[in-house]
Amino acid sequence: MTDLGDVASALRQQAIELPSWAFGNSGTRFKVFARAGVPRTPQEKIADAAQVHRYTGIAPSVALHIPWDTVEDYSALAAHARDLGVRVGAINSNVFQDDDYMLGSVTHPDAKVRRKALDHLLACVDIMDATGSTDLKLWFSDGTNYPGQDDIRARQDRLSEALTAVRDRLGEGQRFLLEYKLFEPAFYTTDVPDWGTAYAHCVKLGDKAQVVVDTGHHAPGTNIEFIVAFLMREGKLGGFDFNSRFYADDDLMVGAADPFQLFRIMYEVVRGGGHLPSSGIAFMLDQCHNIEPKIPGQIRSVLNVQEATAKALMVDAGALEAAQLAGDVLGANAVLMDAYNTDVRPFLADLRAGQGLDPDPMAAFARSGYQERIDAERVGGQQAGWGA
Amino acid sequence: MTDLGDVASALRQQAIELPSWAFGNSGTRFKVFARAGVPRTPQEKIADAAQVHRYTGIAPSVALHIPWDTVEDYSALAAHARDLGVRVGAINSNVFQDDDYMLGSVTHPDAKVRRKALDHLLACVDIMDATGSTDLKLWFSDGTNYPGQDDIRARQDRLSEALTAVRDRLGEGQRFLLEYKLFEPAFYTTDVPDWGTAYAHCVKLGDKAQVVVDTGHHAPGTNIEFIVAFLMREGKLGGFDFNSRFYADDDLMVGAADPFQLFRIMYEVVRGGGHLPSSGIAFMLDQCHNIEPKIPGQIRSVLNVQEATAKALMVDAGALEAAQLAGDVLGANAVLMDAYNTDVRPFLADLRAGQGLDPDPMAAFARSGYQERIDAERVGGQQAGWGA
Amino acid sequence: MTDLGDVASALRQQAIELPSWAFGNSGTRFKVFARAGVPRTPQEKIADAAQVHRYTGIAPSVALHIPWDTVEDYSALAAHARDLGVRVGAINSNVFQDDDYMLGSVTHPDAKVRRKALDHLLACVDIMDATGSTDLKLWFSDGTNYPGQDDIRARQDRLSEALTAVRDRLGEGQRFLLEYKLFEPAFYTTDVPDWGTAYAHCVKLGDKAQVVVDTGHHAPGTNIEFIVAFLMREGKLGGFDFNSRFYADDDLMVGAADPFQLFRIMYEVVRGGGHLPSSGIAFMLDQCHNIEPKIPGQIRSVLNVQEATAKALMVDAGALEAAQLAGDVLGANAVLMDAYNTDVRPFLADLRAGQGLDPDPMAAFARSGYQERIDAERVGGQQAGWGA
Amino acid sequence: MTDLGDVASALRQQAIELPSWAFGNSGTRFKVFARAGVPRTPQEKIADAAQVHRYTGIAPSVALHIPWDTVEDYSALAAHARDLGVRVGAINSNVFQDDDYMLGSVTHPDAKVRRKALDHLLACVDIMDATGSTDLKLWFSDGTNYPGQDDIRARQDRLSEALTAVRDRLGEGQRFLLEYKLFEPAFYTTDVPDWGTAYAHCVKLGDKAQVVVDTGHHAPGTNIEFIVAFLMREGKLGGFDFNSRFYADDDLMVGAADPFQLFRIMYEVVRGGGHLPSSGIAFMLDQCHNIEPKIPGQIRSVLNVQEATAKALMVDAGALEAAQLAGDVLGANAVLMDAYNTDVRPFLADLRAGQGLDPDPMAAFARSGYQERIDAERVGGQQAGWGA
């Protein structure tokens, strides 16, 4: 039997990291729809993120994206975050939005471009030093669009060289998280297309190199929880970029497209002890609220992860193992499904009440008047988005 | 045996339509890379398109996209095209780039937005009248991102209403081409997601309504040549938007990702007599040259379609049918593959020479100095792209 | 607000049809694992199916598969079913397991094979007459493995001819349900690969021709509930073959792979009024219990459909429509998710108790001793499977 | 410029391994179609394989599958092969067709079953010793069908244990080739689902452990040539199981579905020097001729690989590298496509003539009368297939 006190205890320790860019405008190549109240500055993004933490209690950090969140004084930005009750999380590098990067960044055929890209990555480590961030997120859009365009193998050599240089620059308690992605924006090859590629590089580079799983970056049919379980067994799962998808890298709210998949992923996390902060696994959101309001979209997403985690924690581990070892296919499946089919919302409402939070974060935020205030106040200036 | 004179005769009649927007900048949601020499105006786009026709001899028309190609005087634009040796082709409507369209255009829950979208479609027919264009291309980005967001069925009702109104507005010799697409920018439902949906609406609306097949708009594994053959059998194939893909709607150069698929598609076209202008099937390109130069990218694409068509025409139809009826699996396949494996480039070079064209269009354009000229001349102004 | 009395009333009318072949052995091309207690005869299959109805109360009919369920006297078989408290449902034809059908059945290039296949289909209608069955299920494995192997278009002509002949043979109150499938066993083209193809044929053939949606027969990423909504809007949804999949046509228990998808499908069914028997939509299971026990596998599947239906019925239709019309993306999604996240199991247990059924059908069957009895009794003879 | 003498020299060294089981009957779960002339014994399979070598000159070895090819005396079987001009290639183990393996073999929850499976693998090494085979092919169908059915992580522990034991048993000059597969026959998890999993195990186990790439075992959209290039760079590509697919693991003739993909794969092989025998990469066919005649099907497949290799060898490496380093996207692509578009069949016909072979292997075999002879002689007995 599952001990609900243990479940509550684990849930109270849960921490989900918010991406600063989720509060800015986003869209598709067809159109970015602007929305009232959208932040103009990194400070405003952090303020919005702090609202999510205020109502959920489990979103204490905010990932930055450089250069979208470039500021003069990063220590001041970190202090600003602390003042609002949150902290700066992972630093996300960006080597895909400069004209120089059209044919790649760290894997570009031209050494000058590679150097420029590497310098940016190293500068991101400087920001880690300044903000106290421990994680450097590396996503490379590098790849090719046409067969023959560049040499697949040479690009791996270049990638390896860059990763080694970054690893060597990282200080004590710092690490990089290497993200893989099947495709987009590259449409023929991507230089880190799958977990195997990320893993192979990270194994060679040691403990400061870990893999991050973005739940929207796989080929159709990929069993993500298998990858999660495998990487955890290898000690190489650094974290998640959570979002959900029906088709490609749709970047919808996590849990919106396939809540059962999210539950299965969280079950493997719990199975491997990864849900506790001591595991070092970073649970980050990375999604786009193209058509829904940003702050409520983030709250909803945090709640979706929380609900999936609660269900995963409620799996009767003893009964499950017994059925598995007995080869009882339907019985084992039933143990898992029993937890999934449980409505954990009342339990979570009680948990929040016990922590002095409103039992219903969505409603509480809606009532707060914050959205109306920023809609009114944030007039003029340049709204934040992917491009700025 | 295939009569090569017949092949040449058919190829001389081939006509491929170029999209004006292929000459502007394009990209992904991550970045649009600017390029020297890119047109600033519809007139410049048409001039570039005329270059493609000049060197290939089989690209005599240019599709316009409204409002990207909005001008004061469409008759003058049509005359400009004629002066350059080409003509205005299909009018592509755009009801996806206005803030009003965030939740849909003709299927939007708000009647005012639907009216606005419909008015745009009708205005496009006015442009057809002014330019002599016979084809209205309808692509709706309409759909939803989240389950429950809107009513699937009601949206079909609204779609049907709009299509009916457009059909009723079309004059003699005019038609609309309804495009379907699996996803993007909508990530849960799309209101015209597949050929079946487009077909069902078009069947009800009669001869002025036809389906257009964009080769990049299908689910993985979809057999596109089957759809082509089926729609031709039903008399409902209005045309193609050609491009190619490895993953999603990558919009790469047609024939670049899977040249064998392009051949199989063209074989079904030939099989049904669709390759001759009398068929009324419009062979349009619709692709993005995100990282390659635009005009050469279009020339390469036109040549790819031409080569696939030549191979398809070279299939020994009699031998194929005999093997098929005999149930000779390997024999029938071999007849098809024999044509595919033929190197048709020398044949096409001769064909061009016979038409007074340079045998090598890519080289001829490169030598012409046109690119260097526009790179130098087109300085200042706003480069054309998807947004303008 | 949803009226739970209405929900209960609708659920009491629900009827799910079981496939006789689910009680026989099944497997993959690699291995069919035999299991104790498996039926040797159609009579034994029906007896097992009757157990599922006994404990769930909503599985009153059994589909037959010819020739797997060939008997001398079909009226006697129908009487046998009635004696056990169930009735004969759809007749499933089989034109894929004879050596003659290697290159097709009704679309075979050889007219003799086509005639043989059609004769089988007509013989199935005779069985409908004898058993009182109203539905003829048509699934054609017809297709090709290699490009060029046969003529795509000619095969459609042959298909059309066969479907017309079957339609003409059907009596009053009889219909055929045409099934589509993306691939397998044909690996290049399939003659009815998607709903559009099935729909196009059925539209021409009138009211006796309807489309059946097998939930495992789509390309990756296909939005099945869209198809369901569309076909219902057109009056062309004849029924479902329920099962679930992670990859291809896995034929797992319905609701096992993506319970949220099943809920969304059932929501569209309810939205269109299709859940009531008067709709004429047949809710059939078609799945393989390769590694799990058959009868419990069927009970679990029936319960999964029932739970999804209950949740779909609990959607607050008024609140949903209001949010949709207001363009409230998160609000509308939340209304749907609220129903999905509800644990309907206690409600269904009460419903069963009120009908004199055991609240827990799985446990009740396990306690009944039936499985042990058939394991002991069904020794010798030829176990039923796909081949017999 | 490519030196055609070098191309010819490389092609003369090419060696492709045939699978004994390709000469037996195969099919899908729906039906295995029997065919006249099919071998009844391993000896007859080898005789048929020798025909393929006789006419192509590049298929000198035959892979065995145990227990399908179980014989009393393996040395005698090896001698039989030598007498026919071929040799025994890889030994393929089979731990998926015994009732004990329903829930797994080396990853089964029950230690007794794991022991049995391991014993089989070790027995296969004995056969390697007896036949002189150097390669043990390991494919595990192990996996689960339902979430919760078994513990993903524990299964990896069991897998690791078995692989270690096999590695320890291998002698000098022997190795195992670990095959991965996305799905089928397992439909939820597969224990070795992708190259990353196979690679991670092989890296730990050292030089005797290598990865084999079956071209039909990937998720839709996977870039196989990337994997090939990556594994070669890591020294971990042990070989190929060639076949082709449009959908899933269709096991069609290699090169039949996407000849351009085969070319791209062979280009990466050539790029890494893998095409020469000294590379140690095994080029094996693994496909099913469900509807086409077996021996011609194998000849066609061997020729398809040969043609793709010839084209890959004809790529102008210098021109390609120059264009790549210059960032000339279209130019680099054109170099590759120029080779692909070349019709290499005349070149290969000359090559064969120079080796004393018939220039047209398909026609030569057809004329030989061999098929008619075996059709007449092989009457009675049990035709070979997957089950025996």
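Lettered A, B, C and D in written order, each chain numbered from 1.
The rule is short, and it goes like this: a contact is a pair of C-beta atoms (placed from the backbone, for glycine too) under 8 Å apart; a residue touches a chain by one contact, two chains touch by 3 or more.
Going by UniProt, the chains are A, B, C, D = L-rhamnose isomerase.
What you see is a predicted model, and the numbers here were worked out from it, not measured in a lab.
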item	value
Intersection of contact partners for chain C (L-rhamnose isomerase) and chain D (L-rhamnose isomerase)	A, B
Shared chain contacts [chain A (L-rhamnose isomerase) and chain D (L-rhamnose isomerase), defined touch]	B, C
Intercentroid distance (Cα basis), chain D (L-rhamnose isomerase) paired with chain B (L-rhamnose isomerase), Å	40
Chain A (L-rhamnose isomerase) and chain B (L-rhamnose isomerase): spacing of chain centres that average the CA atoms, whole Å	38
Touching two or more other chains - residue numbers and ranges from chain B (L-rhamnose isomerase)	103, 145-147, 182-183, 188, 220-221, 223, 246-247, 256, 260, 291-292, 329-330, 333-334
Touching residues (chain side chain A (L-rhamnose isomerase), partner chain D (L-rhamnose isomerase)) in the complex	103, 109-110, 145-153, 156, 182-183, 188-190, 193-197, 199-200, 203, 218-223, 225-227, 229-230, 232-234, 260, 264, 268, 271-272, 320-321, 323-327, 329-330, 332-337
Residues of chain C (L-rhamnose isomerase) defined as touching chain D (L-rhamnose isomerase) within the complex	26-31, 33-34, 96-97, 99, 101-103, 141, 145-147, 182-185, 187-188, 220, 245-248, 250, 252-253, 256-257, 290-292, 386
Chain D (L-rhamnose isomerase)-facing residues of chain B (L-rhamnose isomerase), complex	220-221, 223, 246-247, 256, 258-261, 291-293, 296-297, 300, 307, 329-330, 333-334, 340-343, 345, 362
